[in-house]
Amino acid sequence: MGVTTALEWLGSCSGCEIAILNIGEDLVSLITETLNIVHAPILMDHKYFGQCGEGVTLEIPEAVVGIVTGGVNNREHLEVLQEMRKKCKVLLALGTCATHGGIPALMNGQDQLESWEGIFSTVSTDPGAEIPNVEVPPPLDRVYACDEKVKIDMQLPGCPPNPELIGEVIVALAEGRVPVLPGKSVCDTCPTKREGKGMVDKVKRFINNVEFKPGTPIDEMRCLLEQGYMCMGPVTVAGCAKRGGPSCISARVPCRGCFGPVRRDGNQLLDMMNGLVSNGLDFKSVVDRRSVLRFSGAHGRLRPVKKRVARGKVK
Amino acid sequence: MTLSEITTIDGLAGNFTVTVEEAPRYVDQEKCIACGDCTEKCPKEVVNEFDAETGKRKAVYVKYPQAVPLKYQIDADTCIRLQKTGACGACEEVCDAGAINFDDVGRIHEVNVGAVVMAPGFEVFDPADSGVWGYGTFPNVITSLQLERYLSASGPTEGQLVRPSDGKVVNKVAFLQCIGSRDENLCGNGYCSSVCCMYAIKEAVTAKVNSPGLQTSIFYMDMRTHGKEFDQYMERARETSSVRFVRCRVNGVETDGTSDDLRLSYVNEEGRQVEELFDMVVLSVGLQTPKHALELAHNAGIKLTGDNFAATTDFAPVQTSREGIFTCGSFSGPKNIPQSVTGGSAAAAAVSDLLSPSRFEFSTDVSFPDEKDVSVDQPRVGVFVCRCGSNIAGVVDVEALAEYSTLLPEVVYVEKNLFSCSQDSQDMIEERIREQNLNRIVIAACSPRTHEPLFRKTLKAAGLNEYLVEMANIRNQNSWVHIAEPEAATSKAKDLVRMAVARVICSDSLKPISVPVMQKGLVIGGGIAGMTAALNMAEQGFEVHLVERTDILGGNALNLKHTWSGQHVPTEVGKLVDKVVWNEKIVIHKEFEVTAAEGFVGNFRSTITGKDGSQKTIEHGAGIVATGAEQYIPQEYNYESITRVVTSVQFDKLYELNEVHVRKAKNFVFIQCVGSREENNMYCSKVCCTHSVQSAIALKKENPNRNVYILYRDIRTYGQREALYKQARKLGVIFINYELHGKPNVAENGQVINVEIWDHVLHRLLRLEADMVILAIAVRPNGDASTLSKLYKLPVDGDGFFQEAHSKIRPVDFSVDGMFVAGLAHYPKPIEESVAQALAASSRAVTILSKTKVSLDGVKAIVDEEYCDGCALCVDVCPYDAITLVDRVADDPDGGKLIRVNQAQCKGCGICQGSCPKRGVNIAGFTMKQISAQISAALAV
Amino acid sequence: MSFEPKIIAFCCNWCSYAAADLAGIHRMQYPHNVRIIRLMCSGMVHPEFVMDALSQGADGVMVLGCHLGECHYRDGNYRAMDRSDMVAELLEDFGYEQERFSLTWVSSQEPDKFVKAVTEMTASIKELGPVNGEQAEVV
Amino acid sequence: MKKVLNIAPVSRIEGHAKIAIHLDDDGNVENTFLHIQSLRGFEKFIEGRPAEEVPRIVNRICGICPWMHHLASNKAVDGAFGVTPTPTGHKLREMCQVMAHINDKILHFFFLAAPDFVLGPDADYSVRNIMGMVKAAPELAKQVVKMRQLGQMMLDKFAGKAIHPVAGVVGGFAKPMAEEERKELLQGTQTLLDFGCYALDFAINNVFAKYMDIIGDLGAIKTGFLGMVDREDGSLRLYDGKLRLMKSDGSFVDFEGNEYIDYIGEHVEPWAYSKMVYAKSWNEGFDMALTEPKGIYRVNTLARINVCDKISTPKAQAALETFRNSFGRPAQQTLLYHYARLIELIYSCERTIELLEWEGITGQNVRAKVEPKAGRGVGVVEAPRGTLIHDYTTDENGCISGANLIVGTTHNIAPMNMSVKQAASTFIKDGVYSEGVLNQVEMAVRAYDP
């Protein structure tokens, strides 16, 4: 009998779940032998309030391993996460939403109420609509990463995470060892030609394709940052690489940092901008620099822009 | 050898036999552990010479806490036991070490040496001899040296300025200048001691800091602040420390009879006779050669000047009249610290020139115990809190600080010292490291910039890596700047110690890196300084490249006729040029300039470009900048429009050619400080006073009927030059003082030139009819100094002269290792000082060239292969191109990449570290971990 | 009691740190709120240090480097300047007032400038209030 | 006495939903609600972003159909910037989208829906799932996993990322297709096509045949349909075409995506974060009454199969004819979504092959020249879950100044609520209900694959 495991998704898009399925051939043995899944909304019908929905308190069965995906956006997420923490020995935060807030944490850069009102008054929405509030979980003040709310034992970022690494973590957990996960940046896995960033003075928007010879491997392509594109490889933790190169770079597209900061508490915006200015690049050439935090906006990194009251400079 | 004196020097240069007489110490140096018990027990109190009679000491004593060797001694003249056998002997009883030896006897040593350097220094003039200043009679008349002790934290009053007579806090103090200087009637010392003006200002400023509200007045004849940045200091004293300067000679000091206050009567600026009362009068006593030094000179058979200083020449300022015997410091004339330090190096250069054939024959390397590997050990931090006399303890609650330190993580030992830097503390720390098995040290004291090297040595001596020490700067950046806020200062001190501890815990042992040395020298500038330096290096056996911009060697000296002592400059320069030209170790590059430079100490590569555009590359281990200076072209005094208004340099030429105007002229007016000592050029050109006085003397000697006027602000014929000033006055040269706000007015009026000036003595406007006006023009820094400074990263000061590493203790070094400065490039100075500085620079350069490799500081960028992933963000930010991107696994492109740092090129600036998003590169000694730890510690609590 | 800010000052070993030492030698008095961290160059200051300091409760952060053109390492202070412009702007992204950060050039011979800088910074931070206090700039 | 049954979470679907069944005192269904639990605010937080970045952000709306959002977004940005993708760029995008459909169908039918049929609606929950299926039908399971993996990896290898793709770019595609890649993809798709045909046979013989009765009435309701068809011949289209809005009587109107506002509106209920899209153009308002629904239409597979006149590829066309012969047009039975899904699976495979065989597919000119500017663009594609509409407005910097998104599932929210009500009230009588019964209620929802 495998290790009892509970899966839950919070503010997620189910991309992480799909990534699990993408483990491939080994999936079958993994979900039937290595693991003994006792709760997983996407795959099985275990219910929170009893199978007939008569219960009143949310319950998840005990499990050795707990895997949560998604960030914590609303009360239900919080309740579920806390229940997971209660019932699982080892809690794994899977995917960048769970580890650093992910895309939904872009909301942290907005005024929530204003935004929601906007959403329920679009051109196509019936006039006079109110923000729903019956039997739907109320939102939290902002989007949180899981470790902001409960103790997390292990983190595996990625949007989505790399199936290989998911496999490694699950097997490691089952075998009770520490999984081998990348600690360096995307560049470490990137074979593109690099010389130095000094010659670039501005970053270009990605409105033209990068320079490369079609059909040639990416190790014959010049580093995209050195081509003048904003590539976040240097400030993003590795893990996306498959088939000898980072995913986006293999698609000849600059990295946008979907695995989160290279150092767990690193600050992608600060580190990226610092990397640029230290090399004499004009950081103002970055259109909408706040979206550099599009994957790691939790942990209070991304905040609504504050309008400042003019204050007499203290002299 | 301490307590020792030289009695005879026999033999010749290269092989002297020196007889040294060592006096008995009565304390066995081997046994004495300097515990101080003997002093405590000693019943005999006598006045303390070191405190200049302001305090007391015992008959068994150490001269001062920092004395080296720190061994006690017995003063035979006052020791009860040594005076009367059988009496006392208390010290012997208490000395557990059994170091006391009343039967100690003097010894005679004979040493065989190749050369001798005489640096017996000076003594201060004793004003007691002449009663006029009431010194010795009025307790509140003290000497500047005594004041120095009163102001010192380790002095009798721990820095509090109180009256000797009644302990009353001093509110009003007067400094009387030229006591025992420039005065033949009272003391026979006609010369100027040249340091007193500056030290008086310094004491006035410090005194004011110690007791705010203090009124300070300096009574002087001429303020002789001719040193580098001295005039700026004086202006600051005047403005910010409100020191009052009164130009007049005070002829006597009296009491008001009733109290201990002192009355001075003098003629004030308005020419009125006034009387003023002071709490204290400080006599700025001059320097003179001590008796024993005169005997020494006599024994050594070297000539002295009329002023009793060792006779030297301007082109060989450290060479005495006897070959093989050299001198430095005030023995060859009054000098300040930088000059003395320079002189020391210069003497060393002269000696090594003489002895270079036998270099390294007797030398042995200092060896330190093997370094203990502490990398895996749990940190054991020892904290040593320095009181620095009362400098720290006077403000910071050292007890509380020490107490607090014991609570800090990993701290296993805490101790307080009176002076952590004293030799005994060093030994003690070394001791503690061993016995307490400490592997990290925090010194809570002064600034690492001045003292870190000292403590690093101590760690080495204790077998610890020298980088495992961290200093908490609780003096310069705490107790001294929060004097009025002891609580705040104490809690800040705690923070600083906490930060230091946090940092040192993260410190690792670093290995200094050593790089091979290209044993060749480069000298930039072919003037006297440049040639002298080049020649000395060459004669010490090193190949030298001498780069001169023009087509002729000699530089500014080519404009000069005589040195102040009367040596004929053209002749001497000629000799020097010949020696340089004929020395086959010197490669001369005329009409060349340095256009590019790279490298580092021991391995410079300089590119020089000729007028013809040709280029050469010179590899050298050290470089000396002797690019000289320029003349100021006056904008003032109608120099442009009036033909007979000329510069001093022009005048010399005209005079030499016996040009008609000069021949015919009856009235000559010299105007001093043209372009010097004013707003944007607040520095003294140092040579002009002497120069004008010399010209005036020549004119007068030639024809006594000529009227020669010198309009000056302060006549700065410092040192033994004073004799010239005296002679000029004797010859009837008229000196008229003017102030900056009342500059002379020069206008052409037909055949004559009208010079108007306010006379401060007669207190009326004076109109002089001059046939010729000579402007004593300033020395200006070289225009291209900035270019050179960029090439080699050499700092220049606010006036545009090159900035030495430390104005007092490193006067010829640059902050850039392996580069040195000499001559006018550094600051205006007369020939003998240029020569001395050139020799000094040479000797400093040779300390590098004489080695086959130099070791560099361990503060370098270190790649952390665990984190560096070769993103190449740092490659282009390195100012020294020290970073390259390589395959992690040699020639395996798929193995990933990382950066390599060229240790020799890396200067440890940390720009790479500041750019790295993943802590992949760290500056050893300043790692992200260390700095983060410091930040967190600073903000903890 | 009155608000006594804690200010972290990163000082370059070759200029501002020396100036601070000199200020001591001249016994110039200044507020006790500054904690100096000695670095070899202002170009060594990682922006992360600034943010870390503020997030750990520093009320202000100063970087003091050599005058432009006087860097001991060619152009470290230019890097510091470029970074500072960036940091100053990003401070607001992360919810701090720009006034909490300052960059000043002080040569080793300008203790007075050093004193002026820390005195003014302390004053301006006192006016601003504690770093975690009411975010004054919210409309 | 009154009580509420909370079926939470609704499982084996991709979203966060809860079914609340309110029973009256006699234990009969008083009312039911399908609560859509979460709202993330994409429309708002893409504001201010450079438009060309948005396709890389909105794909996170759904991890199962990221390609749909990615490409709808790209189409919208094309419109806003006024660019027409190069032919090759256009076809590469479509190929990726259609391939994504393949994987999605396999996933949904076999991993999520099939357990209900293979193991039975009232099998124990612990076995009524893919793990159970693996034990029950190991060979089939392995085959299924393999096929899905094949499809995913083909896409992943060619486009860098299968989940949350990045290869689609404003103006076209980020990289051209190499000949080797083409060959490999072609081969893989052939295999998938074979599996698709096998899957349909398997379903017809082992599932639908067995459950005809249930199919007949489980969650059955009567509504209109919306889907995309070819502009010329009205055949089934997934990536590009015109929209067709059909009434339950089979009459329909066609319109272009950017006219959507004139035809559909969004109704908001206080008990669901998701809006409920309805046919505004019918001018009958919005009502979910089972008997006389107003403005209600459905999307997704069944809808597309209903609205299209034919399917342009042979095997799928044949399957369509069989389907229509037995169920007519439009077919209303909710569980037929599964049937329609498998027909689309075959179409997707065939269409992919068609595209791979187009000679221009390996062309080098994959991206048109792009200038960021102010404008508006509407991007519409057929997502597995229904018609997906991205509507952007950009400012002069080419940054998003306004966005309106209508995602596939929202069209089906109202119908799903109706199906749930229908199912619940048919199965729950006088307080009698069981886990199996409640699961059948869920099956009604599952059919829509929300």
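Which chain is which? They are A, B, C and D, in the order written, and residues in each are numbered from 1.
Heads up, the rule we're going with is that contacts are C-beta pairs under 8 Å (C-beta built on N, C-alpha and C of every residue); 3 or more make two chains touch, one makes a residue touch a chain.
Because the structure is a prediction, the values reported are computed rather than measured.
Chemist: Between subunit B and subunit D, how many steps is the shortest route if every step has to go to a touching chain?
Modeler: When the steps are counted carefully, the minimum from subunit B to subunit D is 2.
Chemist: If I average the C-alpha coordinates per chain and also across every protein chain shown, which chain's average lies closest to the global one?
Modeler: The most central chain here turns out to be C.
Chemist: Greatest Cα-centroid separation from subunit B: which chain?
Modeler: D
Chemist: Which whole number of Å gives the spacing of the CA centres of subunit A and subunit C?
Modeler: 35
Chemist: Taking the mean of the C-alpha atoms as each chain's centre, how many Å separate subunit A from subunit B?
Modeler: So the centre of subunit A lies 62 Å away from the centre of subunit B.
Chemist: Counting in whole Å, what is the centre-to-centre distance of subunit B and subunit C, each centre being its mean C-alpha position?
Modeler: 32
Chemist: Round to the nearest whole Å and give the separation of the Cα centres of subunit A and subunit D.
Modeler: 24
Chemist: Going by the touch rule set out above, which residues of subunit A reach two or more other chains?
Modeler: 271, 274, 278, 280, 290, in rising order.
Chemist: Could you list which residues of subunit D touch at least two other chains?
Modeler: Residues of subunit D never touch two or more of the other chains.
Chemist: Where does subunit B touch two or more other chains at once, residue-wise?
Modeler: Where subunit B meets two or more other chains at a single residue, that happens at 877, 911, 914-915.
Chemist: What topology does the chain contact graph adopt: line, ring, star, complete, or other?
Modeler: other
Chemist: In their complex, what parts of subunit A are in touch with subunit D?
Modeler: 9, 11-19, 21-22, 24-25, 27-28, 31-32, 37, 41-49, 51-55, 73-74, 76-77, 102-104, 106-107, 109-110, 112, 115-116, 118-120, 122-126, 129-130, 132-137, 139, 159-160, 205-209, 212, 214-215, 242-243, 247-253, 256, 258, 287-288, 290-291, 294
Chemist: Tell me, which parts of subunit B touch subunit C in their complex?
Modeler: Against subunit C, subunit B makes touches at 205-206, 209, 447-450, 473, 475-478, 480-485, 488-489, 492, 495-496, 499, 793, 795, 797-798, 815, 859, 877, 879-880, 907-911, 913-916, 923, 926, 928, 931-932, 934-936, 938-939.
Chemist: Please give the residue numbers of subunit D that touch subunit A in the complex, ascending.
Modeler: 3, 5-14, 16, 18-21, 33, 35-41, 43-50, 52-53, 56-57, 60-64, 66, 107, 111-112, 125-126, 128-131, 134-135, 141-142, 145-146, 148-149, 152-153, 156-157, 159-164, 166-167, 169-171, 174-176, 178, 260-261, 264-273, 275, 277, 286, 364, 366-367, 369-372, 391, 397-399, 404, 406, 433-435, 438-439, 442
Chemist: Which positions of subunit A touch subunit C when the two form their complex?
Modeler: Contacts found on subunit A: 267, 269-271, 273-274, 277-278, 280, 283, 289-290, 300-301, 303, 305-309, 311, 313-315.
Chemist: So in the complex, the part of subunit A that touches subunit B is made up of which residues?
Modeler: Result: residues 183-185, 187-189, 191, 194-199, 219, 223, 226, 233-235, 238, 244, 262-263, 266, 271-272, 274-275, 278-280 of subunit A touch subunit B.
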